[in-house]
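What follows is a structure written as structure tokens; I'll ask about it next.
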Amino acid sequence: MDVVDYTPTPEQYAWTFGGVAPSHRIKPGTLLRLWTDDAFCGRLRDVTDLPSASLNMPYVNPQTGPFHVEGAEPGDTLALHIVDLTPARGWGASTTIPLFGGLTGTDRTALLQDPLPEQTWIYEVNSDRGTVEFAAQSTDLTLELPIAPMLGTVGVAPAAGEARSSLVPDVFGGNMDTPEMKPGVTCYLGVNVDGALFSVGDGHYRQGEGESCGTAVEGAMHVTLLVDLIKGGGPAWPRIESDEYLTVIGSSRPLEDAWRASQVDMIRWLGELYGLDAMDGYQLVTQISESPLANVCDANYSAATKLPKTLLPAADPYDAMHRSLREQAAAL
Amino acid sequence: MDVVDYTPTPEQYAWTFGGVAPSHRIKPGTLLRLWTDDAFCGRLRDVTDLPSASLNMPYVNPQTGPFHVEGAEPGDTLALHIVDLTPARGWGASTTIPLFGGLTGTDRTALLQDPLPEQTWIYEVNSDRGTVEFAAQSTDLTLELPIAPMLGTVGVAPAAGEARSSLVPDVFGGNMDTPEMKPGVTCYLGVNVDGALFSVGDGHYRQGEGESCGTAVEGAMHVTLLVDLIKGGGPAWPRIESDEYLTVIGSSRPLEDAWRASQVDMIRWLGELYGLDAMDGYQLVTQISESPLANVCDANYSAATKLPKTLLPAADPYDAMHRSLREQAAAL
Amino acid sequence: MDVVDYTPTPEQYAWTFGGVAPSHRIKPGTLLRLWTDDAFCGRLRDVTDLPSASLNMPYVNPQTGPFHVEGAEPGDTLALHIVDLTPARGWGASTTIPLFGGLTGTDRTALLQDPLPEQTWIYEVNSDRGTVEFAAQSTDLTLELPIAPMLGTVGVAPAAGEARSSLVPDVFGGNMDTPEMKPGVTCYLGVNVDGALFSVGDGHYRQGEGESCGTAVEGAMHVTLLVDLIKGGGPAWPRIESDEYLTVIGSSRPLEDAWRASQVDMIRWLGELYGLDAMDGYQLVTQISESPLANVCDANYSAATKLPKTLLPAADPYDAMHRSLREQAAAL
Amino acid sequence: MDVVDYTPTPEQYAWTFGGVAPSHRIKPGTLLRLWTDDAFCGRLRDVTDLPSASLNMPYVNPQTGPFHVEGAEPGDTLALHIVDLTPARGWGASTTIPLFGGLTGTDRTALLQDPLPEQTWIYEVNSDRGTVEFAAQSTDLTLELPIAPMLGTVGVAPAAGEARSSLVPDVFGGNMDTPEMKPGVTCYLGVNVDGALFSVGDGHYRQGEGESCGTAVEGAMHVTLLVDLIKGGGPAWPRIESDEYLTVIGSSRPLEDAWRASQVDMIRWLGELYGLDAMDGYQLVTQISESPLANVCDANYSAATKLPKTLLPAADPYDAMHRSLREQAAAL
């Protein structure tokens, strides 16, 4: 098994999907052991570090990569299996960025009200207990919250010559900010350009569904990935398979369109797996889908459609790619 | 304990929240044992029963009630504890109604494409196994799905002299179509008119989050409710408490507004319970909220914000009303 | 010609469409000479009169009526010709109501930012010059703006037993807040209940498209209407005919749905008038429709689709009803 | 005056804003005489030419340029004065592209209904009469419609290393598809990268507001532009000045956000020109803005806020740039 270890220097960070030369050329089957900086480039370390003074907008969400996957061509399916995510710092940070977030006016939901104040929360990591600590600032409340590591950003280069900010989620993946992107899952992404040119970043030590204020418990991450390639079959939207769920992530505005995109692609997937026509698929997702939100704060909103495998007949999508990658991961 | 048993005749069905004389006057503390017809008034019994021939639009979602709660005044909080929901027929039905549903154009998302076909699915109830059976029509696939009974519609009379169709969810509750409305929960609704005038209906034997096609596994239901009243404190949006979760349901369009409403009222609730200011509340829901969709098909869409009690300090909202009702229910 | 003069007392104001007993029963062909109070019931008379102190929410937008039109049945088309609108006071008022308006968070676009300040502007009417005067408060700028009187609210009782606040626009008309509702136009509304039960109110001395802050130059109005009835043909959405334009007003959220509804009903109208199929109608509105916004602040947003008659073959919709009413109005 | 004449070959077409090397380096003050191909690259010439067979998606909306403007730096304001637009072919074309358009489901408003049929309309240009001819296909109706030439696409390279498809409108301008972009106006665009790198294309012989079906009367165009540069002052959204109007174009989803963006930037502009604070600006746009839609079909929707100069005190934005360019154009 090819193994690539890579910790980018700040000069090597990528800030877009597309428009960036690959950091590495890898073969399908490669194991990647990566380090990703946090969305703030590690600059928020104390509650007194505020975005307007500490961040260099729009240079947030630095990406590790992109990786050129040999043999990947438009129309193919990139499979990224998240073997492990381990916090790489002893603290995570969250903050409110003026005119960014789900419960504030923004540059687009353009309103005349004053912005919310900038405020930063630091979450100490307790590795032994597997928790981060929320410390309120208006009271003395503290809460231990389980670490639930995930990647906010996983994506390939977009189609049609576009280059998109690492803050944007769309059909190419990107900043979906979904808690579904966690250890043990396989993410399937449609390839748009030769080599796929995928990158990852934006680790979260934990995040609620919706990422209300716009920033999770952001933290640098050790990321272990298995990379594989399926010829053809590129899905319309990012798909995620775990041992328990089939999931599709849609990203758009308004939020109902993000959800619709995820639903329609899931109905397509049901057709591929079980031969159900669209009406039967529509009926089945109506009764069994779980629909947790991913983010309602980014340039596009993201929503998930999840189907529990226990309610479905056995199936091994993409020629049992997920099962195979799970086994490879277990053997590491 | 006062007990009221009530099975309305079709002539007694209510079709709106507000604008209907009460079927009963009850005291806080009353136990209701009700029967609710299904959304289709029991008219879809076979896959050949189609909405355009069998339904009498807009007379769907018949309500049982309304109930006048003595002493309830505008600004108060009605507490409805769902003691039990038991399917009252041996089959449930789901169907596609032309230009209604989440993955089709509608009267509002007005498009020029042809409507989807009308199609009805019948789900046989297997009480012993606690399942309903999905039978595909394009293949021979059948699936056993666990019964997970819930009420699509729980609401009070709206404010300002309005009367709203039982198809509409809004601040008064109504057709929220959320799987959170299940046995064991207490629903808190703000009272808008003397007596509150609440009603219930639209039982679902199960439903996915989003209720994609517009109709769940619709079935008549035996509904056991404990009714209580809290003076004052009427919440802006319907709140639901279970042993495991605090939940708020927002309903609006576009979908992000439904979610925002649920989030902001949850932040308000956190302030009431723990004294957190809005910024701390914003931060905390960002990291711990679960955000499952309820419906993306009704006149307003509905979204839930759920906080796991295990992550929060102990608290007994509304003077421990939920705990008290749970104990009363257990003693029945 | 039957003539009805009516100035309601405050006790006679109607606050909903539907759910209100008729103030009058009239025959088709009746001339109404009405007085309508302004949206604020005349309570904002000075820049120091602020909504929270002066208004009695939700009792705004008082309606004059409703009028029962003899012979009107569900499915019919009510024709209301606006003969004249004349300001009935020497001043109009506009104000910002906290958490109401197009450029602020609201109860639904629920955000955490502080509300905008309450502020009231008084516009003196100069009848000789036909102007109202805008007086800035942050500078000494004053501007003379032409009076362009219109009715914010024209509607019938809704279907299905609903009663809707006079703040809401929807398929029944209501608070559409469109500058198209001006002297010389005929408004066609689908009848939902026996007698139609229409009412009018919410006069504006002028208004920009979108009614950004939520309140126009609100003023009491002398309203002269000719009322007529067309059997059958009730349109899906309110239609307006002037000498120059055919217009449809759609109302929904998000705003694209309001526009879509107006477009699709216009394409239907083109089919009725010229026999164009939907694809030809789609193509034609694509190239010739004017699409001014009406309001982006109310419970539903409203958008207009307007087609210039000069670009279309001659046609006299509804058996030349508009032409006939224009002639009757001219003969008064 | 420097003059550049440029008719790109198909190999020279640009398909994105950003990510493309400049075709020319020009000085501020340069006159450009350009040719732009139509959105379909001239491939739809007959009603039997249908998109799926004739177009090479996503290679539509070819751009002429980009032009590097010497001295332009991020934060500056590019001024593009449209001196003249003259149809460059004897016919225009419009068509329905499956799952693209305002009254159909799309890749994002993902629905299960069948796509609308592909259908192409050819509009013969009558230069003498200044008209194009609409010919219905379901009836024998033909209509002469005035030519009203405009540019669908005018934009600069976006910020933050992004490259965006020429089908997308956003803060950088792009595919706004607004009828306001017509001869005689000056468009002000904020510069994001050295040289601004602007391009133009997508000529329309005429278009309704909203561009309902997604394609206007698309036609190759002779484009005469005067280019100038203002140091600093880059607006948040594209601004357009004509002799009659100040206009801002916002682009986003949902449509209300496009409108809000245009409104808030217009309020900012009123502050710059007249010193009005935001509340006075809010009040003034409420009463005087015209709000025609631009497109409700593209990747973002676009809406205009227009203020008539006749209602405002005299002002010469950007140091009378528009007046100066008008005079220069008149002297050509």
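Which chain is which? They are A, B, C and D, in the order written, and residues in each are numbered from 1.
Quick note on the criterion: contacts are C-beta pairs under 8 Å (C-beta built on N, C-alpha and C of every residue); 3 or more make two chains touch, one makes a residue touch a chain.
In this text, all values refer to a predicted model and were calculated from it rather than measured experimentally.
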Checklist entry - Given the two chain pairs A-D and C-D, which is bridged by the higher number of C-beta pairs in contact? => result C-D
Next on the checklist: Can you tell me which chain lies farthest from chain C, using the average of the Cα atoms as each chain's centre?
Outcome noted: A
Item to check | Cα-centroid distance, chain C relative to chain D, in whole angstrom | outcome: 32
Checklist outcome for this item: Cα centroid separation, chain A vs chain C, in Å, comes to 47
Checklist outcome for this item: dist(centroid_CA(chain A), centroid_CA(chain D)) in Å evaluates to 34
Next on the checklist: Where in chain C do residues touch at least two different other chains?
Outcome noted: 103, 109-112, 116, 253-254, 260, 263-264, 267, 279, 282
Checklist outcome for this item: Among line, ring, star, complete and other, the chain contact graph is complete
Checklist entry - In the complex of these two chains, what residues of chain B are touching chain A? => result 94, 96, 101-103, 116-117, 119, 121, 134, 136-139, 141, 143, 145, 206-217, 253-256, 259-260, 263-264, 267, 274-277, 279-280, 282-293, 296, 301, 303, 305, 311-313
Checklist outcome for this item: chain C partner, complex, touching residues on chain A are 103-105, 109-116, 254
Checklist entry - Which bits of chain A are touching chain D when the two form their complex? => result 15-16, 18-19, 58, 107-112, 159-165, 171, 236, 250, 252-254, 257, 260-261, 263-265, 267, 278-279, 282
